[in-house]
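Since the structure comes first, as structure tokens, the remarks are kept for the end.
All chains are identified by letter, namely A, B, C and D, in their written order; residue positions are counted from 1 within each chain.
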Amino acid sequence: MASQFRHHHRVTYSDCTMGNHVYHARYLDILEAARGEFFRAAGVPLASLHEHELFFPVVESHLHHEATARYDDELIIEVVVTELDQQKIAFAYGISNTRNQIILSGLTRHICIGPDGKPKPMPAEFFNQLSLAFTGKPAAPAAPPARTPKSPSFPA
Amino acid sequence: MASQFRHHHRVTYSDCTMGNHVYHARYLDILEAARGEFFRAAGVPLASLHEHELFFPVVESHLHHEATARYDDELIIEVVVTELDQQKIAFAYGISNTRNQIILSGLTRHICIGPDGKPKPMPAEFFNQLSLAFTGKPAAPAAPPARTPKSPSFPA
Amino acid sequence: MASQFRHHHRVTYSDCTMGNHVYHARYLDILEAARGEFFRAAGVPLASLHEHELFFPVVESHLHHEATARYDDELIIEVVVTELDQQKIAFAYGISNTRNQIILSGLTRHICIGPDGKPKPMPAEFFNQLSLAFTGKPAAPAAPPARTPKSPSFPA
Amino acid sequence: MASQFRHHHRVTYSDCTMGNHVYHARYLDILEAARGEFFRAAGVPLASLHEHELFFPVVESHLHHEATARYDDELIIEVVVTELDQQKIAFAYGISNTRNQIILSGLTRHICIGPDGKPKPMPAEFFNQLSLAFTGKPAAPAAPPARTPKSPSFPA
């Protein structure tokens, strides 16, 4: 498992808006699908984390649109982990088309919460597995003590 | 016309995802609806700009999620213009619920383009009208010479 | 409270697809918003039914598209109840624009279920309130014995 | 090319609503993606038809929901052509999960139009290619004279 992941998406009418380009918000949906497959490829599908009452809501997103994507374009979504500890995870993304044109760059930040919406550190088992899969390196031997994320009341 | 604008949105099932909270991407849809109403309140509906072959695609967006919104919540979306010249416009947003809880803060940047996707400066007539409506002040008397926006090839 | 209800929707870019018309699936989202307001106007918001562990999923939908709606059109959605008993409810819809052009006619059928997804008859209190509000008539004095809906295993 | 087509879809958070099931309208988006791949597999991608100024808007849809699909389910979408002439085309669909549970059955009807929204018969070249691919049989030797579809003014 490499520390970078690629996912493909074929643009549908549903993704597009007037003027025949992908509506800006749909890129977040496309990134979500890519991210879910990245977790699966890492051996830790998000659905399996749900069974352990762990969820990773998006707390921040940034999108930079470089060019338009159009109906029927095949998009290549590259995902890389930029930050990972037991409380949070962040991803950077690049989307390009098959003509190597960059469509979008972006990032999302996520915190790890339980079903009550309160921060909940990822168990070491999952953290180690994700560390190895996402970064190509095992988790740091002496993990820092659990810190309170910036948004302790999210989601209220 | 004040330089700040408020729009309301009632959360539907369509906005929500599992766990009964608004799916993060839907906030961009909600901000778009608020922004459209802001242009209308300014006396310049976006549809009237289309007739003059002017479009304002989103080239950048940033969302910070502070708390979750849930089904049937009434959301108050506040919009303010943070940047405006004949080539571009930027908006900042705050979304809160009726219990005065902040749900989201965000911003979007837009450039002014023609139907060919190439940058096209807004005619003085619209610029002046938007300046007055969005900032409460007339456009600066000596407008700077047209600068090339950072993304001259957007959307390609 | 009349037995017919009207809701308004302003078409956004988010609703549209290439060719500048509303994407066909978005009408179901628009009908959902109208239906939610119809329940609210009837004095029984769906969120209050959730508190009683009652949900009304769509089990069937039919849409007939008569003409296109476009960006910034104001749509008028008319909703009427066509079927109502303690197990199920059905709505018919008409959508038109402000030029009195018919855009769509449709219907949706719903069953009443509990949080386990199993059919659950509506308590008499809500049924009577909805009957009066939606049909203009009180519920029939001798309600038929609870029948098993056609889809007893929905949603599995 | 068989006359039946299968497409796969992995359910995302974006597809789901509260209660962790796929929101009913999203199935139309999923069917659209499957239909687009069916045209591609038939050797006639819809994008190539756009270049000939041919479009196939949905004029009617019917969905029957048999069971719920949930986050991360893999859905199998089966598509079959039920009606085809130079003016119109109709598809029937079945969606099931990997446990062979039927989730949905549905159909959509489409008419063939030009960029002005007026009915426009499909050129014989495409019609023959689609006939062979979608039905496994060549187009009938004596095609009936062009009939006016039921909705001649769609989309107005």
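Definition applied: a contact is a pair of C-beta atoms (placed from the backbone, for glycine too) under 8 Å apart; a residue touches a chain by one contact, two chains touch by 3 or more.
From a predicted model like this one, the values you see are computed outputs, not experimental measurements.
**Student:** Could you figure out which pair among B-C, A-C or B-D mirrors the A-D interface, over half of its contact pairs being identical by residue number?
**Tutor:** B-C
**Student:** Would you kindly say which chain has the C-alpha centre located farthest from the C-alpha centre of chain D?
**Tutor:** Computed centres place B farthest from chain D.
**Student:** In whole angstrom, how far does the Cα centroid of chain B sit from the Cα centroid of chain C?
**Tutor:** Taking the average C-alpha coordinate of chain B and of chain C, the gap between them is 31 Å.
**Student:** So, what's the distance in Å between the C-alpha centres of chain D and chain B?
**Tutor:** 35
**Student:** Provide the C-alpha centroid distance between chain A and chain B, rounded to the nearest whole angstrom.
**Tutor:** About 25 Å separates the centre of chain A from that of chain B.
**Student:** What are the residue numbers in chain C that touch two or more other chains?
**Tutor:** Chain C, residues with two or more chain partners: 13-14, 19, 25, 29, 32, 71.
**Student:** Taking the touch rule as given, give the residues of chain D at its contact with chain C in the complex, in rising order.
**Tutor:** Checking each residue of chain D against chain C gives 19, 21, 24-26, 28-29, 32, 55, 57-68, 101, 115, 117, 151, 153-156.
**Student:** Taking the touch rule as given, give the residues of chain D at its contact with chain B in the complex, in rising order.
**Tutor:** By the definition above, chain D touches chain B via 13-14, 16-20, 23, 25, 71.
**Student:** Going by the contact rule set out above, which residues of chain A touch chain D in the complex?
**Tutor:** 10, 12-14, 29, 32-33, 36-37, 45-47, 50, 71-72
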